[in-house]
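Two complexes come next, and they have one chain in common, chain A, joined by chain B in the first and chain C in the second.
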Partner chain A sequence: MYYVRYLVRYLQNEVLVLPSRVIVLVFVASLLAFPLLTQDPNILRTLIVTALFSLYAVSWDLLSGYTGQVSLGHALFFGSGAYASALLSSHLSLPPYATVPAGAAVATAAGLLVGLPCLRLRKHYLALATLAFPIMLTGFVLAFPGFSGGEGGVWRIARLTSTRVAEYYLILGVALGAVVVLWRVVESRVGLIFHAIREDETAARALGINTVRYKLLAFALSGLTAGAAGALYAHSSAARIVAPGVVLSLFMSFQPVIWTIFGGAATIYGPITGVFVLYPLLDTLNVVIPKYRMLVFALLVLLILRFMPQGISTWIRDAIERVCPSCRVRNIATRRACRACGAPLQAQSPR
Partner chain B sequence: MVANILVNGLVYSGVYAMLALGFGLVFGVGRVLNLAHTAFYMVAAYGIFHFASTGFAMPLAVLLTSLGIVAVGVAVYKLVIEPVREMEATVLIATLAVAVLLQEVVLVFFGNEPRHVPPALTGFTQVVGVRVGNQEMVTLIVAVLSLIGAWFLLSRTKLGLAIRAAAQDREVANLMGINVNLVTAVVMGLGLLLAALAGIAVAPLFTVEPGMWMNPLVIVLAAVVLGGLGSLKGSLIGAVILAFAEVSVVFLVPGGSYLRTAIALLIMVCVFFIRPEGLYGSSIAEER
Partner chain C sequence: MKSLISCLALAVFAFGSAVSGQVIRIGVVGPMTFIQGKHHWQGATLAAEEINAAGGVTVGGRTYTIELVRVDSNEMQPGPDAVSAVERAITASKVDFLVGGFRTEAMLAMTEVACDYKKIFLIAGAADNKLLQGRVDKNYNRYKYLFRVTPARSTYLAQAAFIQLREVMDLFRHELGIAEPKIAILAEQAEWATPIVTFLSLQINAPLAVGGLGGRLVGTWRPSALATSLTAELTAIERAGAQIVFTVFSGPVGVVFGRDWGRLQIPVAAVGINVEAQAQGWLDATGGFGAYAATVGIYASGVEVTPTTVPFIEQFTSRFGELPLFTAGTYDALYILMDAILRADSLQTDAVIKALEATDYVSTIGRIVFDELHDLMWGPDYVTGIGVQWQDGTPVAFWPREWRPDPQKLPDLVISAPGTVPYVIPPWVRDHWKGK
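Take a look at the complex of A and B:
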């Protein structure tokens, strides 16, 4: 009973006062309740892929948005996770609960392996060096078709679950859990250090922070998350085949960048917003106007970035909420006085 | 074999050098990492295909294509890239969106099937005992002439001085009375002119298809960072190194056509282990 009352009070005082938190709550609840509404396999499939890709986008945001180590080759982690689990499943016929962690572990190792040489590189050099890695892996996949399946890819991969709804809940659960864990990480001291490394690495080092260790941590965490997404993708009903043209392609590397910048970088909710807006949109366009889908998609991304260069979720959040000038607590934009310290909000000068 | 590597390597070097020079100029002056650069090269190849198949005279077709590319490119830069120029990640996505947009427009107008442009010259010439296709010669000559032209413009004219000043330090160049925004737009036009000429020059040699911008983009990015961002000499040398690496892998390694980009990029990464700032980059790049 005490806990129920605590929960209600928490909801009233901390969640319902801010529109952005209400939106997150409603969003998660509606995702969980969605199969009650419809069990159309195509819609569920789109949502499964969207959930996986939001995990993938968050992993990019962690490395590049927070830590500032811009990676243009993130498909390496997604692809190595997908390939490792697909190969284990197809050659050794191991069950998914063994191959998915193995795929994630391989991607973590890939993250460390890429991170280690990239520690010395700065900014654009880093971005373009990382761009090279998935292309190199593609080259080797294509050069040894006997083992890797070559251009046609790996198939005969075990399904995660027997029904589509069970798969939906499994993947949604993993994605939600991982996002919550990552949120805790970036809200902690570690997240603060990530921000510091992005803003000024030399200054962070001068403060006694072992930036090498934290950069490697960011690479490993990002690889782990992207690899888990890739491994689940390989086993999901969305991908029957793991082929280099999909999971290791240049477009796969650029996609998380598009989603994250579109949604708002260095926020966990930004990339998720980006994926949940853009991926179903692209999927719908594919059905409605298949010939012009990428045309419309690119035009839309271009226009939104032109007018909201900080990303769509940041723009919306700034429109509906206001930071108290004296105590930095967020308030709904309609309030006249801050909910924590009572300082007047309307009087603040326009930013 | 050696002759093949030499001829093809030189042709690829010329093309990559033209692309890398334009890309490097735009990055150096505008600090814009223009991922759409090679998409304009692809559009130029389609432009020459279109004009050639509708029966325009070759010089007129070349002129129309390159002017069209420059006009479209500068308009795109002014409309969508300049307003967000300060935000690097946004620029990245905006230019990528432009590239995809160009690819899709080409797809709508010309379809997905690969196209071929009839060569301007056929036949072969004997150069020091090696048979070289005349079209390859033309491509190489176009590349050399445009590189010399670009070098002349950069080092011998007042505009070139302004461009180099803006590349060295944008703020100070602005204080010295150089209209930096205008110079950036001019450089964008110049870079795209080089890209358009490269596209025109390779159209008769390569298959013309909507996806033909991806591979050169990767190589050009690699060449520019290999040479050191901001160093024009470096990007030219990077382009030559990567072109010869690609061509030799194709000719010497079995299954090399799959591995050519992989090996070229491996060379780039190996150079980074020794010199993280590229061959000719300045090691204090952050102060620039």
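Take a look at the complex of A and C:
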């Protein structure tokens, strides 16, 4: 009873007071309740891929949005997780509960491997260096076709679950859990250090922060998250096959960049918004106007970047909420005084 | 009033049920915004219109018409679109059968979905052995729904290309007096090309007496499938003294080869596999430099592989303004499917599979009989493909022409498809090597 009362009080005082948190609550509740409305395999598959790509986009946001280590070869992490998991499943017939953690571990190792040589690189030099890694892994895959399946890829991969609904809940659960953990990380002292490294690495080092260690941590965490997404993708009903042309492609590397910029970088919820808007939209456009789908998609992204340069979710949040100039607590835009300190709120909405 | 509305609703429902019950829905799968997918759709459209105009298909006393459903697999763009498209076609559009497909990695995934839903998928456009080998033979109950209608599997495509290379080498021996022609291999970096390169490397140097090609391999070059220039490779081939270049291209590098080879007047005759050279727009794509390029192909102007080849090509060309690509084999796929349904006199999947396994059908590309892998039988009595060369601005067939498949055991067996013309050594190649 105590916990119920605590939960109700928490909802009243911390969640229902801010529209952005209400939106998140409704969004998560809708996702959890969705199979009660329909179990259409197409819609569930689209939502499964969307949830997986959200996790993938969040991993890019953690590394590039928060820490400023711009990666243009993020498919390396997604692909290494997918390949490790698929190969273990295909060659050794291991079950997904063994192969998915193994895939995530391999991607974490890949994150550290990429992070080490890239420590001395900055900005576009770093971006270009990261771009090379998925190309190298593609070369490796093509060099050993007997083991890796070559261009055709790996198949005969065990399925995660026997039903689509179970798969949906499993992937949604993992994605939500991982996002909550990453949220706690970026809201902690570590997140502040990531911000500091992005803004001015030299200043951060002057303050005694071991930036090398934190940059490697960002690479490893990002690799772990993207690798988990890739490993789950390999076993999902949406993939069926893990091929270099799919999981290691340039398009796969650029997608999290587009999703994150569209939704709002360095926010965690931004990339999730980006994926949940853009992926189903692209999927629908493929049915409605397949010929013009990329044109419409590109126009939409351009318009959002032109009129909402901080990303769509940040733009919406700033339109419906204000930050108290005195205590920095967020308030609903209709309030005249801060809910925490009572200070008058300004008309404009600073970030 | 209420009862009138109820009656009307019931009538509409009953009519709707009857109509939907008399339609066979066929999903045509392909990258619809690309020429390959366009030809998938156009081939199927021609067949469906013909079958419907002839009164449809009568099964168990009921007459069905064919309704095509466009399934854009977006196979050229990597990602989960292909799986989405096929599953949507099966669950939302309620297709009864599937035909088409193009890229191997997409096809492997799409056929898995088809097998999950127990839907027959007639592959028309993907050649990789793996689509059937190791699947139908190893796990028949799961993969029995898959059949390949066109093209022949990649091993057989390579075999046809070897035979054509042998004929071009013979031409060099007889017309230019070169007893031991020098061969260069130019193959894109792709998995499917590797076994062809390995096998050919062994065959070229082997003497004629032991069944080899009796030539000399001067080198192998493996550019990227997306290379934008082959000047360095072609110059090296020229310096190596090659007289013939054996190409193995499926990607856009095939166009780059045609352009650079013709523009630089490299003194080597081309033969082999070059998918781009099968397209109507080949000469335009190569800036007019692609004349005399040759490739293993399926359709060419005027060649009559079977009695239905020329009427199909003429009809396709007059309707859509270009020669059909091999993906237009969806035309044959629909006829083969309807033939099996008629023989089974049922739309039940297992009955249609049994009927398909017993197929013996003369299509536009040859006689189609499926082997135990549900793959095309290849050879003189079945499907062989043709050799196509660009002569006077037109793709014409140069093979099979006076082809002796087994001169030792069957010396009298000579195969010539009506309408084939001799292979022509490019004039600049002939001038270069004449008298040397």
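We take it that the second predicted complex is superposed on the first by the 345 of 351 C-alpha atoms of A that agree within 3 Å, B and C clash if a C-alpha of one lies under 4 Å from a C-alpha of the other, contacts with A are read in each partner's own complex, and residues count from 1 in each chain.
Convention: contacts are C-beta pairs under 8 Å (C-beta built on N, C-alpha and C of every residue); 3 or more make two chains touch, one makes a residue touch a chain.
Keep in mind the model is a prediction, meaning the values are calculated, not measured.
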For the combined arrangement obtained by superposing on chain A, do chain B and chain C clash, or do they fit?
clash
So, A:A231: does it touch chain B (first), chain C (second), both, or neither?
neither
Quick one: classify A:L172 as touching chain B (first), chain C (second), both or neither.
neither
First (chain B), second (chain C), both or neither touched by A:G245:
second
So in the superposed three-chain picture, is A:A265 touching just chain B, just chain C, both, or none of them (first/second/both/neither)?
first
Based on the superposed arrangement, let me know which partner A:K291 touches: chain B (first), chain C (second), both, or neither?
both
So which one touches more of the residues on chain A, chain B or chain C?
B
Applying the document's definition of touch, where does A:L142 land relative to chain B and chain C: first, second, both, or neither?
both
Touch check for A:V185: first (chain B), second (chain C), both, or neither?
neither
Out of 24-32, 42-50, 114-122 or 168-176, where does chain B collide with chain C after the chain A superposition?
114-122
Residues of chain A that sit at the chain B interface in one complex and at the chain C interface in the other, please.
142, 291
Touching residues (chain side chain B, partner chain A) in the complex
33, 79-80, 83-84, 87, 89-90, 92-94, 96-98, 100-101, 103-105, 108, 214, 218, 221-222, 224-225, 229, 255, 258-263, 265-266, 268-269, 272-273, 276-278, 281, 285-286
Enumerate the contact residues on chain A facing chain B in the complex.
64, 70, 117, 120-125, 127-129, 131-133, 135-136, 138-140, 142-143, 250, 254, 257-258, 261-262, 265, 291-292, 294-295, 297-299, 301-302, 305-306, 309-310
In the complex, go through chain A and note every residue touching chain C.
40-42, 45-46, 49, 142, 145, 150-153, 155, 237-241, 243, 245-246, 249, 251-252, 283, 286-287, 290-291
Chain C residues touching chain A - in the complex, by the definition given at the top:
32-33, 72, 74, 77-81, 83-85, 87-88, 91-92, 103-105, 108-109, 112-113, 128, 130, 189-192, 194
